[in-house]
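Below, subunit A partners subunit B and then partners subunit C, in two separate complexes.
Moving on, here comes the complex of A and B:
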């Protein structure tokens, strides 16, 4: 144990501590601030109270926005999973020339679809469809943006389903739809769960799309409402915001725990072919 | 129960490979039929074409006298067991076995009854609730067989049924399979690359090479009288000795000696002499009659017998001897063979030359 070694170890652990603190502070804030009598932007031992929670529950839009968020995200997650399952099965099984190029092209373009670059065309398109100020419209745009990546990920899971499973079912007289329902999708279930959670989490945190497409405050999802949580004077409403943040983070954490306990977030099909 | 008739069948892949190339075959009702050949010979493609998983490019397939060449796999009345068994990992054994019935919307009570009965026939009692992942290889194979039987196909197709089992289990499963086929009396076609498996199981064997049929016959015929050098080479756990030879008045001369031959072939004809190691007799005493003289080079113990390699005038010839008669290396020996076991093949084409007793 040379002194240089000791110094290096100490330096290493100090660095780790600094990084840990950097990430821990927001966590501690979200854990303590909602129950603090005088919530601030710093972290300190709270002066326990449930007054903030009551205020948040009384807020005219807070809970409503959560419901909006749930409606948008569940719709998006279900739509993405359903379409990605069908598309990835087709792309995995049907040989078409340029299939891989198509997939990579879609993947590249998808970051543009919901990205800043396409804001104006998307707004115009949704306007012409008459879907401005509609939660369905928001879900539609987010579905479009997430689908290519979802198909790309799910195709790997579907590729991992041995062909003999399907052929076996075919010999026994199963139709394509029966094969998909009885064999392919159940075997690729970890992939479907992954995609569903991933789509949900992505749309849950999406600010830009609902910000652009929704006008009425009572239709806004949580991600958009959060920036309007200010008091009459225009400063941040520090009584409602911490509780709201805590509520806002719960669905994502719950989903993560649920999928992790069932499938362990493995990014492979887990099938030996 | 039903036979299979195949006429002029060809399966051509999009890249132009003729995996099955103009094949005629008849599998009789209730027969246990083997498709044997080296990998890439088209035997699996032929099986899949019978099942309908590959579409025939030419020719016809008839099952039970019904032309099914263009029929969907599910409507042909075939049941198939895949090499990897293709058991559905998310269903338990009972659900796997009755999946073919579920597809046909058979009532749940009937399905449960079928699962119980079929599992009983294949000694899978008590495993119905398990998932395939919790079963041994042999059990998985029996579940796959049970599922095929439960589907009540007229014809059972098995793709390499024993290749996924380890060596000891394979023998057990082989006996089981043969007994099961006999008990059910179902027309069965199976694919294998293992000649021992084909000889042991099948009523008749079709030996294939590059999509073509090279020989069709009972295991005995195929073993004792291969019609060409390809089959001669392929069949038998110890390879057949194939030596260049010339027909003479007293028999056929090869490897510095003479072997008796019972073929009516003009003297001086160049041939390939084929003789199985099992049919050669090794003696250490004086040479009597026609035979080959040589010295022992290697002796390999095969258990109850030994495979001895004898150097006869620069050519290595294999001969099997009983275990207690294994000669020491370097010993001069004399090899003889009964005339009807010496097969003569055309040197050019490799085809068996007609064996007729010399007048």
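Moving on, here comes the complex of A and C:
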């Protein structure tokens, strides 16, 4: 062990520690404040209590907004998965005229038309359709936004499924519908589960779309309610907000861990939202 | 990934073109209605004086390119462009890129436990809902009891008001580094270990190894990653959750500006014109990105 080596090792650990602290410290608050008797914005060892949890559960809108989030996100996740599955199978297996151009167009769309770039026309459209304050309208907009990327991820997945399964089923005289239902669907299940979780997590965290399209507080999903509570401020909300943040984060983390442990983390080169 | 378009498509299940089009239809209808149509409609709204309220809300009239000439002379729009550039440069091109690469490079040889812990923390920062993350940082930067002031002993410093752009850059670096880290981790696996070994044998310094051996292998990844995270950062709406663009427009990036002009000011026509400019910028970056990806594939 040369001195230079020792210095390098020390430097290495100092750097790792600094980066760890940078990532961990802002998160400490969500671990301590929910269970603290005098919750504030600072981080300190909590004076343990479950009073805040009770207050949050009693809050007129807290649980309600979670239900709204669930309604919006389950609708979105199911629609994205179903429509993307059908489209990606057709694009993977059938040589539709203009397919390559269509795929290229979809890929462009998924990154060009972002929520922020399209917020004005989407707001105007939903406003003129009279779908402001409709959870269904929010789910529709989110589904449209997530579909191009979902089709791409799923098409990669279907492309990797060997055609021999379908071929042998066909040799044994299975009909197209039977092949799709009994052969393709079971084989594609991991891909479908991944896409469903991906769509759910993305719509769960989406703030902009429901913030634009939902006005009344009893229809707001969790992401928007948090912002509403933040704007109101006050000491009551300091009891509610930490617990609510924690509860609101749990589904995302649990789903991520689930997909990660069952199917392994799949790196979908560049497609996030 | 997505550039492998050309492979023999074999219709093994006997779907047929007709039914295949039927399979495509629901997805295409939704995409047409909620992505393609809004994008095109932006062009139309952008040449009218459409407003949220008032006479122009009922009967908007065509104003030609007035909105665009107005944007040319709008000091607040210039301010938004400048702040967006700072935001992208500071948090994406420099922040996420360098921190992400550093993490990928040093975690390569770290113990599995250390590696997993650091990766889990960065990923957590990436997957948590944006409103939660924004509130964490609002608490962290708080003037009176915020953690940052406790650490530095600077109680009374209102970071989000005194240094809003610095806060946003730090926030977004924290938020998005996971993506660059993962991308560079997988890119680094393509660097042949034998070359790294021979660099070590001839006594090359760490910096020389990076510059002469590692960088040529991952140059393509650096370029595509930078384009992608820049595009996401320029379109990011989370600055609104931290500062709402304030104080006095000091952190009003283009997405926040569009929101404030459209929904606060009610000027839907003018904000559509600016949205269209953002769409054009996105299109340009995406075209370059896809071209680079294809060349690599």
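Everything below uses one rule, namely that the second predicted complex is superposed on the first by the 245 of 273 C-alpha atoms of A that agree within 3 Å, B and C clash if a C-alpha of one lies under 4 Å from a C-alpha of the other, contacts with A are read in each partner's own complex, and residues count from 1 in each chain.
Following the convention adopted for this analysis, a residue touches a chain if its C-beta (ideal position, glycine included) is under 8 Å from a C-beta of that chain, and two chains touch if they have at least 3 such contacts.
Remember, it's a predicted structure, so these values are computed and weren't measured experimentally.
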(request) Put subunit B and subunit C onto subunit A via the superposition and say whether they clash or fit. (result) fit
(message) I'd like to know which partner A:96 touches here: subunit B for first, subunit C for second, both or neither.
(response) second
(request) Quick one: classify A:121 as touching subunit B (first), subunit C (second), both or neither. (result) second
(message) Let me test your reading of the model: by the given contact rule, A:19 touches which partner, first (subunit B), second (subunit C), both or neither?
(response) second
(request) Pick one for A:140: touches subunit B only (first), subunit C only (second), both, or neither. (result) second
(request) With the two complexes superposed on chain A, say which partner A:10 touches: subunit B (first), subunit C (second), both, or neither. (result) neither
(request) Applying the touch criterion given at the start, work out whether A:187 contacts subunit B, subunit C, both or neither, answering first, second, both or neither. (result) first
(message) Here's one for you: vertex at subunit A, rays to subunit B and subunit C, all C-alpha centres; what's the angle to the nearest 10 degrees?
(response) 100
(request) Return first, second, both or neither, reflecting whether A:173 touches subunit B, subunit C, both chains, or no partner chain. (result) first
(request) Decide which partner touches more residues of subunit A, taking subunit B and subunit C as the two options. (result) C
(message) According to the stated criteria, A:152 is in contact with first (subunit B), second (subunit C), both, or neither; which is it?
(response) second
(request) Would you sort A:86 into first (subunit B), second (subunit C), both or neither based on which partner it touches? (result) second
(request) In the superposition described above, what is the shortest C-alpha distance between subunit B and subunit C in Å? Please give a whole number. (result) 8
(request) Could you give the residue numbers on subunit A that contact subunit B in one complex and subunit C in the other? (result) 167, 169-170, 183, 273
(request) Using the touch definition up top, name the residues of subunit C that touch subunit A in the complex. (result) 1-2, 4-7, 9-17, 19-21, 23-24, 26-28, 30-31, 33-39, 41-42, 45, 50, 99, 102-103, 106, 110, 114, 117-118, 121-125, 127-132, 135-140, 142, 144-147, 150-151, 174, 179, 182-183, 186, 224, 228, 231-232, 235-238, 241, 254-255, 258-259, 262-263, 268, 271-272, 275, 278-279, 282-283, 285-287, 289-290
(message) Give the list of subunit B residues in touch with subunit A in this complex.
(response) 51-53, 72-75, 78-80, 82-84, 86, 88-90, 99-100, 102-104, 147, 151
(message) Quick check on the complex: what are the subunit A residues that touch subunit C?
(response) 12, 15-16, 19-20, 22-30, 33, 40-43, 79, 82-84, 86-87, 89-97, 99-100, 103-104, 106-109, 111-125, 140-141, 143-145, 147-148, 151-152, 156, 159, 163, 166-167, 169-170, 176, 179-180, 183-184, 201, 204-205, 207-208, 212, 222-224, 226-227, 230, 241, 245, 248-249, 252-253, 256, 267-270, 272-273
(message) Looking at the complex, which residues from subunit A come into contact with subunit B?
(response) 162, 164-165, 167-174, 178, 182-183, 186-187, 189, 271, 273
